[in-house]
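Note sheet for the following structure.
First chain written, first letter: the chains are A, B, C, D and E, and each begins at residue 1.
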Amino acid sequence: MAIATATRMGPKTETTFRIVAPVAVGVIVLGVWQFLVTVVGVSDYLLPSPASIIEEFIQFWESILSASILTGSNALIGLIVGSLVGIALAALAARWRAVDQMSAPVVASLAVIPIVALAPVLNSMYGADSQFGRQAIAALASFVPVFINTLRGFRQTTLVHRDLMKAYAASSGQVLRTLTLPTARPFMLTGIRIASSLAVISALVAEYFGGPRGGLGGLISTSAASSAYARAWAYVVASIALGLLFYLVTLGLERMLQRHAPQAQRRP
Amino acid sequence: APGDGGGDGGDGNGGDELTQVKLQLQWLPQGQFAGYFAAQELGYFEDEGLDVEIIPSGGDIVPQDALANGDVDYAIAWVPKVLGSIEQGANLTNIAQIFQRSGTLQVSWADSGIDSVADFEGKKIGSWGFGNEWEIFAAMAAEGLDSSTVEIITQDFNMNAFLQGDIDAAQAMTYNEYAQLLETANPDTGELYQPDDFNVISYEDTEGAMLQDAIWADTERLESDEEYQETTVKFLKAVIRGWVYAAENPEEASEITIGEGSGWGPSHELWMVNETNKLIWPSPNGIGMMDEAAWEATVAGALSAVNESGASPITEEPPATAWTNEWIQQALDELEGEDLDLTGEGFEPIEVELTEGGN
Amino acid sequence: MWGLAGILAIALLWEGYKLVGPANGVEVGDLRIMPRTTDLAMPHVWDMLGRLFEPVTRADDALPLWAAVALAALTTLGIAAAGWLVGVVVGVGLALVMQRWRIAEWGLLPWIVLSQTVPLIAFAPIVKSWGSRIEIGAFEWQDWMSVALIASYLAFFPIAIGALKGLQSPDRIHTELMETYAAGYWQTLVKLRFPAAVPYLLPALRLGAANAVIGAVVAEVSTGLQGGIGRILIQFAGQASGDPAKAWGPIFGAIVLGLVAAGSVALLGVILSNYRRNEEHA
Amino acid sequence: MSTAVEIIGVDKTFDTRSGAVQALTGIDLTVEAGEFVSLIGPSGCGKSTLMRLIADLDEPTAGTVEVFGKGARQARLDQEYGIAFQSAGLLPWRTVAANVALPLELHGVASAARSTRVAELLDMVGLADFADRYPDQLSGGMQQRVAIARALAEQPRLLLMDEPFGALDEMTREKMQSDLVRISAETGAAVVFVTHSIPEAVFLSDRVVVMSPRPGRIQEIVPMRLGADAARAARTEELREERAFFDMVTAVREALHQGAPVGTAPRGLENR
Amino acid sequence: MSTAVEIIGVDKTFDTRSGAVQALTGIDLTVEAGEFVSLIGPSGCGKSTLMRLIADLDEPTAGTVEVFGKGARQARLDQEYGIAFQSAGLLPWRTVAANVALPLELHGVASAARSTRVAELLDMVGLADFADRYPDQLSGGMQQRVAIARALAEQPRLLLMDEPFGALDEMTREKMQSDLVRISAETGAAVVFVTHSIPEAVFLSDRVVVMSPRPGRIQEIVPMRLGADAARAARTEELREERAFFDMVTAVREALHQGAPVGTAPRGLENR
């Protein structure tokens, strides 16, 4: 439905506001922050000013970049593996009811395990000297939303389409290729988008609990531990940017491939 | 109930009005802090007219920041970490250097060939990070090694990474992680590991040794707030009593910490109290008195240590306000004459037998 | 029934792999792709379960492990519930504002999404520090409130998104119907938008509950709060070298805790089933 | 007050991303009180838009819309009309009775009066036995009847209906048409009725307004002689098989095709 | 082979949670090759079920269904029929051309042959210019035309259509009917056509099968004299306004009402 509802502004003004509004909110928040620090005089020690964070950001630029690459690649590997496993398992669960029901408690459990609980265990199981633990945690964190959304997607094929495939005497492989997978695709992509920032956060937080050094998480904690808060914030800013990058890339992917998605069936 | 305590009770406090004091620890409740808990449990603080809240910390709480932010009145923290905070703008003073020596070890397998810091080169070296790594870098710097010559691995809460060979040499505190190793069964023999299964490098024996648990106070308040000054002396007196008690009654002190929420088993807890005592006693100048040579060594080490991202804990000498013996001296003076061993000359560590799992 | 089979299958896989897998795991090149099978890395299922019924420590008054875990879990559940409630209030509040004014939606929504890319663990000490200076009259900020606040930070996000979707879900035909009745904003909200939002809110609230538990546990570890499951989680992880099975007690506890929290919200769905008549009965 | 709706010189233009869409131009239309007027025309000709202008769900770009002598906005605030759409638009979480009660509830009718009125209305649409059911337990025709009962709840003097029977099958539809004829006779309300079906328009209406698209205009207003000949209540089932009926159907068909000849060119995309 | 569909003594019962639903009983029906047969009847009388039995999308509980002398299953595997439903059922991620090509693709027709055939089909339904569009860029009527082209892709001798025009507006619908008449004449295929609309059934069919519900039975088979009088291609627009047309409409109406008299009792819930 291309019809814009309930807005009194024209489409052009709308586009403008969509961009201006979030920027304005951001500028206001930053302004208030800087104001608190410089004018009201909240101690810079407690709450570094945006200006001093930028300063640290520039000074530690190289270390920030290499840490972002390290954490980013852990998150990326986790996201890819977690998504692939999630899609594969969802396919099995969609195909066999038993798999679906057996996986339900396991997936529900995975969805509620805190990273703190998992990190030491994974370090023991896979070795603290490798990035594997972090990648595994990112993978687990990605797995859950991808699995849940993909499974939903696999169940979205409509009766008409299934009948049609039967009328064509299509083989089950053909049905999978021409109907089931394309139908599930937008749901998969939504799951991957949700997983994307989770993967970054998880890979980063996992660094707090052991393993090789050099990632963003380790550097945030080291900087904070030595009271270099402005530097810690600079690393935090980098991690937000990394999370945002993941989110925007997956969002873009979703938008690109979802242009002709099946309309959600709304009738009961 | 205020314990009537031994001795003649110094300046007993008449009124019911207790002064509220918050003390920030640097980790979970455990034998490392036995003296403070003993002072609390035995009423030493109350005798001094103080109502002390002991606040444990967890993974990310930085005790000296809690102090600098005014959340608490005193904090326990390692010297090099606080030096870093002071350089970042915290205004803090070391008022009692409780631990006289470093309790950090670097443990490797007996057959690993890692006998000294010089052997670290090219190895995977474990550390907890979080500011606990400066001794390693300082010791390495003294050997002419920089951080890029080793691979630093962050250790988590236990020694599994070392036991399974992920790291070649693990950081361990004499009072905790080293005991964890000795509480673990060797899968090959089924028996507990023995000290001779390991090579142990004590940083106390290296150039990198740095001072650890000290009591820190707010510099500004110390200078201008008379009430705080008085409280400080009273606080230190009670703490001294607590640690003297722990030295003389390690079993009881260990039970007290367990009662305060330490989750360790009795044998591990007792080990921890005993090993902590060894780091405190003897204190030739009296407990808590700063050994200036050790301070200078710590500062030198902190200046020389450089981590893998090129950062140092400090880049210049700390200010003169960073430590003072003024208050601990006053506390010791006031306790003089009581029947207390303030230097630990009569201190004898006990033998503790560890059991599997530290339970 | 099948669910039990699923859990059993995991246990069997665990023991089966432990039986046949090499002690040092399966390595491809430098990368270990399958875990080590030592008792240190993978304790036997029966050891993990059996450990639950042994005392926590050798001390005379020690509780059995399961009781200590349960006690800690209850503490955390309370904190998480408080965090969840705050998350509900904030999340629904934000959703209401965004639903009411589209300009607010445009301005806030990107930041709400962005908020979830912030590594919250980095802020635990700051939250605790800021909290500790709040003291209004008889009210004094407690450390558990910092934990609850962090829990609410994780909980509010799905709730805000779900509530916004739900409040925006009424078809145009329904909003226009209310318009023809000359119904005001509040009437439309109470009679139309809230009831219509129920099917969206319920899964969001469930997700929020799970997130609140995760957030509470992480924040307990971060701030060192005593008494909760986060505390015993690191405590026992610290003892895992000598007593590997013990560390699993709080892990199971955390999982059960999360399931209980999410499950309780699911119960809410049963009560509100009349508002979910349009949902597919799968 | 003999005029229910008075539309004078109405234009309606929508601003869309791809430019302005002129939905209606130069519409003049008067509906007398108690009169039954149908709007018919190809998809996209602006029938719904016109009805929404009367209901004050949209505002005209030019011209005036008056309902019972008031501005459309005032008429809406005064609840001068009842409305029903193609999809029944019942609230799925409310029972049939509660759905019908909704407008009464919103306007503060006391609980006792409300239930009396709801019972009366459900009786009128033949659903007294279904008061406690939920919409998903009803057939499409029954749902539409609930929607009509709801539209009649406050005894409006004007009923606006946008393809209310569009989703029903032919037989149910005929039955609903007869019901509507009866109900509108009982209540004496004027009706503006949007439909795609020529026989439906012919059967129901006093006048049929034939519209043509691009931009939406009134092509022709066909008076139904049926209306002149007989009272509305006399529109029985037999009527459908009478010669006069077929003649009227043919008349409307021709008016329609005048506006949009039966060509082969596929129509545009704007009616998706 | 002059018989397209032969149905003998067919019953169909569905097992549901709330007991068995008898959808069809004692159905006997023969459709000749090239014949156009419509199924009409109230909602729930089993029209779709009967069509699904012919298509082997469901299996009869009793009786036999033969298509061109083979069992229904074999006929499906041999792709003896093309099929179209009320919702066009296009794959939204495929272009118009790719949608039409789908059955050819599935059955391994070479790429070159495929595109020739697709072009031909799109020509036939008047959508040659829209080959590269996506379904969501088309109007409802255009989508249905794509579905019909797809059903014709493999030149089936039998076309099964379940209310293919049900969702279209009256004018588009009439246009589509004319197109279908032309296309079925061109291809010579037999058509089984399910509809709710009497004029539609009358306009299109050689015979109209009137069904009645509970359980679904064949009430009457009304032969259209039109079919006897004139070739199917002669069913022009003018026909719709002729006397004979109205007579046939009346005949079908009466057959229908015989089975389910126009009462006032609300119908049951099974057709939700």
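As a working rule, a residue touches a chain if its C-beta (ideal position, glycine included) is under 8 Å from a C-beta of that chain, and two chains touch if they have at least 3 such contacts.
Because the structure is predicted, anything quoted here is derived from the model rather than measured.
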| item | value |
| --- | --- |
| Mutual neighbours - chains that touch chain A and chain E alike | D |
| Neighbouring chains common to chain C and chain D, by label | A |
| Dominant interface by contact count, named by its two chains | A-C |
| Distance between the centres, which are taken as Cα means, of chain D and chain B, whole angstrom | 84 |
| Chain B-chain E separation of Cα centroids, rounded to whole Å | 86 |
| Between chain B and chain A, distance of the C-alpha-averaged centres to the nearest whole Å | 41 |
| Whole-Å separation of chain centres (CA-atom averages), chain A against chain C | 17 |
| Chain D residues counted as touching two or more neighbouring chains | 92, 136, 272 |
| Overlap residues in chain C, where contacts from two or more other chains coincide | 36, 40-41, 121-122, 125, 129, 221, 230, 234, 237, 240, 247, 277-278 |
| Multi-chain contact sites of chain A, meaning residues that touch two or more partners | 46, 120, 124, 127, 130, 208, 221, 224, 268 |
| Full enumeration of touching chain pairs | A-B, A-C, A-D, A-E, B-C, C-D, D-E |
| Chain D residues within the chain A interface of the complex | 14-17, 92, 136, 272 |
| Parts of chain A lying in touch with chain D, wherever the complex brings them together | 1-4, 10-11, 268 |
| Touching residues (chain side chain B, partner chain C) in the complex | 27-29, 55-62, 65-66, 69-71, 156-160, 163-164, 180-181, 183-185, 187, 258, 261, 263-267, 355-359 |
| Complex contacts: residues of chain A adjacent to chain E | 158, 160-161, 163-164, 166-170, 174, 178-179, 182, 185, 259-263 |
| Chain B residues touching chain A - in the complex, by the definition given at the top | 59-60, 62, 64-65, 68-69, 81, 84-85, 88-90, 124, 126, 129-131, 151-158, 160-161, 164, 166-167, 307-311, 313 |
